[in-house]
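Two complexes follow with chain A in common, the first pairing it with chain B and the second with chain C.
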Partner chain A sequence: MGLGLALLAGLLSGCTGDPGESAKETIRFTFSKREAIGFMTKLVADYNASQDETEVVLDTSGVDVVSASFVRGNPPDIALANYNMETSRFVQRGALSDLSGTEAASRVREDLRPLMEQYGSYPGRTSALPYSVMASSVIYNKEIFAANNIAVPTTWSELIAACEALEAAGVTPFYATWKDDWTIAQGWFDYSVGGQVDTLDFFKKLDAEGVDVGPESSVSFQKDFDQPVRKMLTLAKSYVNKDAASRAYGDGNLAFSQGKAAMYLQGPWAFSEIAKTAPDLKLGTFPLPMTEDPNDLRVRVNVDLAAWIPEASKHKDAARGFLEYLYRPEVIDAYNKSQLGFTPTKETANVPDPRIEGMVEYYENGKVYQGPSVLVPRTIPIMNYTQAIVFGAPPASTLRTLDADWARLAFRQ
Partner chain B sequence: MTNQLMTKKSSSKVERVNWPATTVLVLCAVTVLLPLYVTVSMAFKTQGQAVDGNAFSFPAPFSLEGFVQAWTLTNFPVGAAMSLLVTAGTVLATIILAAFASYAIVRNWERRLFRYSFFYLLGAMFIPFPVVALPQIQLTGRLGLDNPFGVILLATMFQLSFSVLLFTAFLRSIPMELEESARIDGATTWQTFWKLIFPLLAPMSATVGIFAFLYAWNDFMMPSLIISDPAMQTLPVRQNLFQTQFSNNYHVSFASYLMAMAPAIVAYLFTQRWVMAGVTQGAVKG
Partner chain C sequence: MSTITTPTTSKQGPQKQGRQKQGHQPPRSRRRVEPIFYLFLVPSLILFTLAITIPGIMGIFFSFTNSIGIGDWEFIGLTNYIAIFSDPAILQSYLFTFGFSIVTVIAVNVVAFLLAVGLTARIRMKSALRTIFVIPMVVSGIIIAYVFNFLFSNSLPSLGAAAGIPWLESSLLANPDLAWIAIVLVTAWQAVPGALLIYIAGLVAVPGDVYEAAEIDGASKFQQLLKITLPLVAGYVVINIILGFKGFLNAYDIIVGLTNGGPGTSTRSIAMTVISGFNGGDYAYQMANATIFFVVAILISLVQLSLTRGRNAL
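And now, the complex of A and B:
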């Protein structure tokens, strides 16, 4: 205990001390993406050394802590965090300050704005700026494809033909990890739906329908998602590993790295996991074709990191200074390169990693969508629903339940 | 004491093993030892070996990489110091306050105020922290208690009800006559408590202390929500970093858990006999 108190005393004096050294303004920067903490620590150190007005302190304590700090009234001064339904609550209630005047905002690609606003917005404000976009689609093992003379499929029938050819050669076409429900929602469900349905338009209409969502409404899950979900089941029933139901995400990464299947429905985050056991495996990506028209091909994106500055921060100007630094082309490019992400600014000098090359043209042409599973509020257990469908629940009634849930939630709000 | 009896018994009746009971006990031991083995071996593996799907394999090559990373990522010395501060504070405050309260309540049981205050204290057992988290975050923030001291205060409060329950039960078994003799010798209430009652409560204090220790050392939610300065965060909160949806870092996490578990195991090893003593002593006297 003596040791503990001594350490504490040292720490406290470290926090409050050094008044004479300089009058640097200290800002707290929240960032909790585990894989990139090393990168960010260095970035922050570089920034602190490059100027003598602001001292950035990196806070990696996570999302729950940030919510608590908003309740308490001392939120971080700036954050780079996953942009999702949870963050959008802060946006919709006006807890985040307007960033529209910043240089960083002017560099962000215009066509990404609808994706950000899909989660909600606050009138007259640009509350958050995308920093890193993750594109995900089918990961495929290039060696297996080449060994079986299979080209990347661009239509549904080509995909089925590829699966048949792989099966005939004794290769499992898809490795599925259905024990983790999020892998079904993120990959199987989102790719299938996003490859056929215009989710931007669908959710806009669904919002407008609100309490009326049901069999009679202009759009509904039971009507618009029925076809994609059935196609998903076609793939899920015939072309996956036999033990899919008991495999988790970690097992999938290992099995795929060992070449146990040709395709894997995961995002770029899986690459670094696969590389842990197979660093030299040749992998590529292509959007899951769901129709007979190659023009319909699109990739799923999510705003992995968005930058925001809370309204309640007392150091907004200093935080903006750091924001501009984060958005310097060389800084934002370096970050996204290190994480296999896409840079959301208009000009980027990034040469994509060969593993994500297959998605570049879709991303650059704006042929992207956000997964329906993340656009449904967390109150509705959509991940469990998708898991139920894959495990044999009738899709029609499950989608009806989804409609009913949506209408009920709209009624309550 | 029980151990000695057991060995005597078994040595007198030579070579008669109760196989069914032994099997059951061995199985029970395995459920504890196997995960512990995986934890230890995993902590010494390299990244590649940690995710290769063979949890039971022996670490080869033997690697300290996990420990090094866990040490720096959690800033282990500071985190451990904070955890220690919070835990020590909670244990001390819980033992002393609960003993005070229980003594007052038991000796004044016939008065309504004391009886009701006992029920009031027990009532806190029915309120889990998450239910009152939001107002408490705001309250501690406004009072400048959004630091380890706020956590000590709240953790003590939540530990109080169960501890008071334990202490009051134990206090009732201490005969009034002991106290009367001290009174006759001229002791004040304060002196009676410190010189007579509190030493007698020692076995129960150990029990209460251990419960408070385990709670405060392992608690994640309360420190994560109450402490606002990340530099003052406790170990479990710092370790939360290792659990993400998208990546597995078993070797780092297990190394870190091992380092965090060590004090709890050591504390338990040293205080275990007092817990046993407390349980048996109470039973004999009752």
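And now, the complex of A and C:
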């Protein structure tokens, strides 16, 4: 299998490696975010036309091929990729080169460092730079809120009151799409837990506990997640569409665009899908309040794209040249504007889209968290577990299973 | 496959259908073998070694390490195997897969046998009906699964809502206790034609005069089915059960398309847990799981071989 993949990847990259003009130094640039490939193709063409030293070749072959290319010792020269547990493997083993000397690195906001380091770091190196940060929280239908005289809730009891008011008016408060387990993990579970638990601290301690994670350890899923999960169930049991269990993400986007519910727990990627059927629908965002203190409000963020240059690249200087181009204010701003992302540089001219305006103050003030579902290694089927919980599995025993899975993984790795 | 079917059918012939075939073929000379036969074998042997044997051995090798698929690794002995036996998720996937396979095998064979009896009787439009019943076999599993997924999640619930049948309003796929039934249904829908074809072949081979004799002796149609047809096609039942069971143990595509292992983890098959090792950075661990599955499969094959070999084969 591994061998076959490597062979296949070798063939593929062999095809894309055609230099075109031999005088230029060719570098391979990996980028596979489906929604933005059109944008990036144009950006690369602009860059290639703007100078005659480097020829950038866009490689959209995806995550698995990139992993295999590291094994073969032939990784891309530069990449913009989702920053997650998968990339952290390369970081921790020192497979990515140090970018701390670049101008791009000096532009990146300092306070985003913990966000990057949550996935591990390599001593003395800045292995990757954030390029696009996505914030997600509750998407709400402004028209429905206005028609029912409901203000954006900032505490848990205000949220419940809003739900009750909507129910009384015959409006479904939340549209849920539980058929797709990732929508539960990404929205329901992450927002509920992240709104109450300091995920940064929690996972740091959990890592330290390792094989000892369980009822006796200082932190555990069964102890720290119990209350947030119960609150999630309060919302999930009483305030969602009746057919939530058989609805999928696509159904949700359509139904929400038709005004079938007031709130929707999705990320900014859903906006473009909703806009396909309802381009003029007035939408906004607010963090899901889980406590009685408005100061606890935070939004979920993830580093949707990070830039890195592998240590094994033979064209590091040319790749750095392209990196600096990518981080030019007008380039990075244009990209993030097109994808409704936040620009992670110190100075940005981007005016946020009205649909994500509700999250700006939290992002600017660093009131953010990373979702617990992405901080659990993928080998633990946490999405399935969250789905089991909303479908009625006892939360206490499911969280105990999570603890046991974590300890077992620590035992064998 | 061929190693199982060949002995069954060749033993079956002389025993149960004695009047058609008799005796052994003359022993072949073993002194000279045409080199051309080796030439036929070599390409598949090379391909099999490269694509199956070597990766298989690599996988078994890595199951004793802590490799995550890339980078450095070191030997950790039997740690992965020890961890597997205390992993409820993996134990559950074995339980689910075996339970699912047994139920599906029974369902497929009952349905296919009854259909075959009907389709070999003197009815109108026999060939047209046979063609229709075989269609599911030529459609890819993942496509079937997505079509049924839509039916279960959208069509049936809205039908239930329109007709006022409350239990039909919620999707079968969303019920952790019942989702496996949907998987059995769809898998059987796809697997029945294969078994059907084998049964038709078996039924056609039953000589007509035994029925004639039974009729003269006053046996009813139902008695004929039970006392004559069933024993005479018993060999085909065994083939179908073996082939079916082997296939269902590897269940993957239909489950991915229907429930993706959910709701929760209630319908995760062994193959699904193994594959999660590739995209979840848990390579060595799932290789250990695959190795155990491999041993289990070999044990089952041995049992099946011993059942089908020898004089008293079914």
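Observations
Throughout what follows, the second predicted complex is superposed on the first by the 391 of 413 C-alpha atoms of A that agree within 3 Å, B and C clash if a C-alpha of one lies under 4 Å from a C-alpha of the other, contacts with A are read in each partner's own complex, and residues count from 1 in each chain.
Heads up, the rule we're going with is that a contact is a pair of C-beta atoms (placed from the backbone, for glycine too) under 8 Å apart; a residue touches a chain by one contact, two chains touch by 3 or more.
In this text, all values refer to a predicted model and were calculated from it rather than measured experimentally.
Of the two partner chains placed by superposition, A:Ala349 touches none, neither chain B nor chain C. Once the two complexes are overlaid on the shared chain, A:Ala95 sits against chain C while remaining clear of chain B.
Contacts of A:Arg378 after superposition on the shared chain: chain C is touched, whereas chain B is not.
Residue contacts after overlaying the shared chain place A:Ala168 against neither chain B nor chain C.
When the shared chain is aligned, chain C comes close enough to touch A:Asp405, but chain B does not. Of the two partner chains, chain C is the only one that A:Glu86 touches; chain B does not reach it. When the two complexes are overlaid on their common chain A, residue A:Phe391 makes contact with chain C while staying clear of chain B. Within chain A, the residues touching chain B in one complex and chain C in the other are 1, 3-4, 64, 71.
Looking at the complex, you find that chain C touches chain A at residues 51, 54-55, 58-59, 66, 68-72, 76, 79-80, 83, 86-89, 152-154, 157, 169-171, 173-176, 260-266, 268, 276-282, 284-285.
By the touch rule above, chain A contacts chain C in their complex via residues 1-4, 64, 67, 70-71, 85-86, 89-90, 93, 95, 178-179, 181, 243, 245-248, 377-379, 381, 384-385, 387-389, 391-393, 401, 404-405, 408-409, 411-413. Interface of chain A with chain B (complex): residues 1, 3-5, 7-8, 11, 15, 28, 32, 34-35, 37, 57, 59-62, 64-65, 68-69, 71-74, 182, 249-251, 253-254, 267, 269-270, 272-273, 276-277.
Per the touch definition, chain B reaches chain A in the complex via residues 47-48, 51-53, 73, 77-78, 80-82, 84-85, 88, 134, 137-138, 140-141, 146, 224-226, 228-233, 237-238, 240-242, 244-249.
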